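Order as written gives the chain letters A, B, C, D, E and F; numbering starts at 1 within each chain.
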Amino acid sequence: MLFWPEVERIVDRALAEDLALGDPTTQALVPPDLQGQGSLLVKAPGVLAGMEVAALVFHRVDPGAELEVLVRDGAAVQPGTVTGVVKGRVASLLQAERTALNLLTRLSGIATETSRYVQAVAGTGCTIVDTRKTAPGLRSLDKYAVRVGGGRNHRYHLGDGILIKDNHLQALKLQGLSLAQGIARLRAEAHHLLKIEVEVKDLGEARQAVAAGAEAIMLDNMGLEEMARVVRKFKGKVLIEASGGINLSNVRQVAETGVDLISVGALTHSPRALDISLELES
Amino acid sequence: MLFWPEVERIVDRALAEDLALGDPTTQALVPPDLQGQGSLLVKAPGVLAGMEVAALVFHRVDPGAELEVLVRDGAAVQPGTVTGVVKGRVASLLQAERTALNLLTRLSGIATETSRYVQAVAGTGCTIVDTRKTAPGLRSLDKYAVRVGGGRNHRYHLGDGILIKDNHLQALKLQGLSLAQGIARLRAEAHHLLKIEVEVKDLGEARQAVAAGAEAIMLDNMGLEEMARVVRKFKGKVLIEASGGINLSNVRQVAETGVDLISVGALTHSPRALDISLELES
Amino acid sequence: MLFWPEVERIVDRALAEDLALGDPTTQALVPPDLQGQGSLLVKAPGVLAGMEVAALVFHRVDPGAELEVLVRDGAAVQPGTVTGVVKGRVASLLQAERTALNLLTRLSGIATETSRYVQAVAGTGCTIVDTRKTAPGLRSLDKYAVRVGGGRNHRYHLGDGILIKDNHLQALKLQGLSLAQGIARLRAEAHHLLKIEVEVKDLGEARQAVAAGAEAIMLDNMGLEEMARVVRKFKGKVLIEASGGINLSNVRQVAETGVDLISVGALTHSPRALDISLELES
Amino acid sequence: MLFWPEVERIVDRALAEDLALGDPTTQALVPPDLQGQGSLLVKAPGVLAGMEVAALVFHRVDPGAELEVLVRDGAAVQPGTVTGVVKGRVASLLQAERTALNLLTRLSGIATETSRYVQAVAGTGCTIVDTRKTAPGLRSLDKYAVRVGGGRNHRYHLGDGILIKDNHLQALKLQGLSLAQGIARLRAEAHHLLKIEVEVKDLGEARQAVAAGAEAIMLDNMGLEEMARVVRKFKGKVLIEASGGINLSNVRQVAETGVDLISVGALTHSPRALDISLELES
Amino acid sequence: MLFWPEVERIVDRALAEDLALGDPTTQALVPPDLQGQGSLLVKAPGVLAGMEVAALVFHRVDPGAELEVLVRDGAAVQPGTVTGVVKGRVASLLQAERTALNLLTRLSGIATETSRYVQAVAGTGCTIVDTRKTAPGLRSLDKYAVRVGGGRNHRYHLGDGILIKDNHLQALKLQGLSLAQGIARLRAEAHHLLKIEVEVKDLGEARQAVAAGAEAIMLDNMGLEEMARVVRKFKGKVLIEASGGINLSNVRQVAETGVDLISVGALTHSPRALDISLELES
Amino acid sequence: MLFWPEVERIVDRALAEDLALGDPTTQALVPPDLQGQGSLLVKAPGVLAGMEVAALVFHRVDPGAELEVLVRDGAAVQPGTVTGVVKGRVASLLQAERTALNLLTRLSGIATETSRYVQAVAGTGCTIVDTRKTAPGLRSLDKYAVRVGGGRNHRYHLGDGILIKDNHLQALKLQGLSLAQGIARLRAEAHHLLKIEVEVKDLGEARQAVAAGAEAIMLDNMGLEEMARVVRKFKGKVLIEASGGINLSNVRQVAETGVDLISVGALTHSPRALDISLELES
């Protein structure tokens, strides 16, 4: 689910960057009423995301330009797949092209990368989740693309989940408070539908966190064996999330320790754009 | 040079995504007046970009938070380099952390990748330039980071340079116009300080473009030998840009053909974030 | 904790409504350089909220106007209490007055009403929480005032907590799905730090909800005896929230049933402004 | 008359507060294409206001959702009245529900309260007017609701009417100027279509104000007998407005003194929301 | 009086148009830390307006750039007058220059033109007023400049004064209503501090308007003799405004008929910019 | 080509200035459902510009109001020409009227003035161009109107063309750099599609500029004979632009010197609005 007024703001902002000050090339060379059409052509294998967003880009440039979606978000695509056909004034298509592709290729890149992690852990029961490491201004779309790719979102922002990190633990210590006392404060002050997750570095800290009332624990950069020990002890009692230093070559091993969730910052902080182009015919 | 009202808009938008709806964890656990400081710690080798932008993030969350910049944008950094120290209320530092890092690691990632390409072509006289394939809403920062990394910008948007692509050529044909006639139109209509670049696929098209009056030509996905032929023919007469399918493993070969410019979309469409973290002490 | 860029937007918007098109009365009658000061004078007993917000209003009208806060948010105030003194150009004080008071009296009204409910249930261990029934555009401030008044927030928006209402239950039925199946879907799709609350109308529905995995239940417009039955059965197993038709005259009875939380829409949808005025001396 | 671009801004802002970050409950439980409809059901007697605004909320969430207005703004409604039927995707209806109701119940609450005052003074020829004590950011809607309830607006902001209050009088004194000199300045500087009202505390001040050229006088917190004296003296010569400390139990007495206008801040600073709910069927 | 948040919006918008996408010339040629100063030099006689606005432009580009105002708004200036000196980084001064001058020269142009009309009617007791024919987006500044030039504002927008034009009269006729009935409606519905002005074409219509209760009449494109007749009849009873077809060559004659006000659209719809430049020394 | 999201922002902003706070006159006197139509009637000879913009104004006030464009932008119009007919609710037409006309008359004024210059140089081969001296916030429309009037745009903003002015030359001197060194820097740093223009005061400076690599030279306030000398020397080698002190009475002489371009600031800094009115029938 996307909130369209927000997507519209993102699209208008992006168009303003590229188009607001005119396009002399097209203006001089393309007759304003020349009609044409273009195909969104995939050039690398991946998972598609952002077709409706791309459709909005064409629509904002020219309400008369219409993108017919042939392949829906979430589908696996191959080089040669035509995911949609856009029809309208050629000038409009040329002016919307770059902005539409910048969005579509980024989102498809995120979905594609996510799906690789999801496939890598297939059958383990482990879930791939994202982080707050998103492109500034694009969080809603970046997180949408993770879901399209088969991942699940972690908390959206600082306010919709409680995560006690080492800096918070340190602040507790400075106040002479135990973790349990900190969690008691959170239960008294934060709203009652938020669960509490605590970052831990080893089994000992995990024990303390669970004893103090954590409902989830985040194993931060923990070794595989230590993870396995934590899982043996707490699986099913609290949610167990692995985080830090996880990539495609080690994600399966991490998943096989039995953790419930693996969070991967790279899904959104370093996605490779999926190569998609607009092939125009006029 | 960055236009600060625009950077402020980007920062406020990003903060709103992460922080606008509160941070119950910090609010419950960190005393509001607890002062502390944190170090921006680099964890991977690269080129730094975005320190002033990060400083603005801390400042917008809390005017009392001050980032002392120890290393300036453009410097090569190593794992262990501390690029700056931010001081202020611990709660404010925790709340600004993610947004500041999301910007700093993206921009440093772009600068780092750019510098790799720049080094790869060192000594050839060839310039690495970016494209309009930037993250939607972040073009001004993305292009700034390319410059910080030693690259140069291509045109910023559709309006500040003329690039006749195949779709424009096709539109000319449909009107029964030659490229020369198209360029004549552009000279009559576009403003007089914009140069005209034409996309070409081989030496034949390059000849036509130059004959028609192009001041720069973009060799689109051309083979190395064909590039070399074009260079021999037109070097010094028009600017020659290579584009398409160029990566770190082949960029030097392309540069050695003698082209003036190489544009690389991946600099901004698929940068890997440079790993930088905030280490707090309170 | 308030996110100041958001508060600034609210303040600027409010000032624009009142002042953007000038103030001919003050302009003609008050010399621009006449300095003066004014006291924020409370005229009815209550709980103060919004002093920093009011300070921002004066500051936005005139950076030279300074509000010295004498009484902090959360304090009980009486008729005659002076909560702050603002100094600056008389013209600026007059122009900021209405906007500052509109914010301060609304927020103090919410805090005051909240504190009445909190006092009414004192000693029962029950917590008063708000709802999403806030003034459009002012949610962040309205919810802040509830906290100032000693209440706690319920979820902030549709995204930071899961509440299955009767309409959702009906949708499940239409799909031939049980509540347990619905909750399983939520566990698979929503992020893992959100708890699930289910609206129930009687003990039977409460049983079903708890059996299906609800972590909290909302007793919707339930009679006192039925509430007591639900509490006897589930207290300590799930969080129990009472909601609907609760006011100052019956809230203690509801609290004495042993429910954990009572949500009161009237705190924010129908607060009475606390009477506070600005008394100027020049 | 409402200015729709402004209403659209209010609606989008309110939706962003509630919905921008998603609605996991609905997303997981309600099939996206499930169609349904809902009735806006009144639960307390009052005067309806805001139906077109509510319609816009549904439309902004989903252009396919349509609210059929059965009862128009200004109508008296009773418990059980269905004021409109909205049809569309169930998910969209659930997501727009709270925002639509927050607007509709506030505006209807204002209209209802206004109509009580209007009825209380029926037959006296006295007019009920509002003040600038509106919810920040909602002035245009709050003032619209007053009109719907049968009241009339006072000036909209500081710029569209001249009201000389005691602070302005004091500023005049400090400059050694009489009220007549102040009014002369206003006639020279303010635009010529604005009338001048002067706040007065007793008959003596009223005499001075009228002698100085006031076109309206505002009797500030004046006793009933003093008001009657002022009315006997000046009725028909200047407009006479009563203000301060007026509520439903004394408004008729005030009106019967013969004042032309009674301004009531509580209409907009402390309205009770009219209870209206959305009853969905799917 | 200017509302600074609004001026800031105008300035930021204007800067974004000119500067947001960089200034390669200055960036390449001017060392970023080179300090310098510049003088605002008047090149034609006129009345100065907009110095504080210009100061804000420099400040927004670079908080370190400071404009010292030597001559204040409203002063008569001559070729060679230096109205202010701005100091700061040369690069910043160059980048703010055009935007600051575009505002300063427009506003001074309006003030200058206004002062010409004001001088032309000097001694007649007639007041020069503006209209709503302002540059879109700049009304607050345009109207400020008229006041600086010695004129007075007419109503600011459609809402702060009542002006019954021929189209409204026609609408009344279509409804079978007399002007008096229309005015009665306005007295019942519009707020009580707005005066009612009626557009009239000759003495007959003026009689009807005054009889119907108009408090001001606007003589629309009336001949001098007819104006004089209207003045003889109604001077002192209602305000009399002349409008339409009035320019510098006939404005004194119009004023000498005895009308109270003359409105001149050209003040703001067709002002000639006053020539002012920035002379830099570095 | 206009970028419609930007035009929409300009229109909404302008409407907000005029209409956001209501129109009591129309509201009281014109029945909301009264349909009518109006003609856009030209009252002075000129060139039309802004019809589509005007259409948008009516549409934003009331989606049911439709402007049928009878005469297109760029056409020469005469007193009496009806350029379009707008149909819809009379109240909506009255409320949109002023804003639509403020835009249409300004843009047509710019187009008209531009066409006068263009005609004055007809046959000389010289092109009339604008400057950055536009109304703040309206640059995109002002520059559009210049094109409609037969002129051509100069650079749009500081970033899409390189113009080395005397202040830049002075900065070079301070650094001990020659103009050629400055141009070398620009070639290394600015993007490769921007041409470099240098401001010169006489033939000597022109020689230096061309020798240093300028691709265009701007003759700043140069005498006709000196211009002619420069033209004889450099025509065809670099673009030659005349600027400064050029008006309708001397523009032909300047053009006849053989310069390629003449830039005229007055086109946009001091245009006279073209008199166009809306004649309503209901």
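In this section, contacts are C-beta pairs under 8 Å (C-beta built on N, C-alpha and C of every residue); 3 or more make two chains touch, one makes a residue touch a chain.
All values derive from a computational prediction rather than experimental measurement.
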item: Which of D-E and B-C has more C-beta pairs touching across its chains; value: D-E
item: Superposition of chain B upon chain D: rotation angle, C-alpha, nearest 5 degrees; value: 180
item: Distance from the mean Cα position of chain F to that of chain B, given in whole angstrom; value: 32
item: Chain centre separation in whole Å, for chain B relative to chain A (CA means); value: 22
item: Centre-to-centre distance between chain E and chain A (centres being mean Cα positions), rounded to whole Å; value: 52
item: Distance from chain F to chain A - Cα centre to Cα centre, in angstrom; value: 44
item: Residues of chain D engaged with two or more neighbouring chains; value: 19-23, 26-27, 140, 156-157, 159-160, 162-163, 188-189, 191, 194
item: Category of the chain touch graph - line, ring, star, complete, other; value: other
item: Full enumeration of touching chain pairs; value: A-B, A-C, A-D, A-F, B-C, B-E, B-F, C-D, C-E, D-E, D-F, E-F
item: Of all residues in chain C, those that touch chain E in their complex; value: 12, 15-16, 19-23, 26-27, 32, 60, 91
item: Residue numbers on chain C that touch chain B, as the complex places them; value: 1, 3, 5-6, 140, 156-157, 160
item: Chain B-facing residues of chain A, complex; value: 10-11, 13-14, 17-31, 34, 90, 94-95, 98-99, 101-103, 105-106, 109, 132-140, 157-160, 162-165, 167-168, 170-172, 174-175, 182, 185-186, 188-191, 194, 265-266, 269-273, 280, 282
item: Complex contact set, residues of chain C against chain A; value: 129, 152-156, 159-163, 188-189, 191-197, 215-216, 239, 241, 260-261
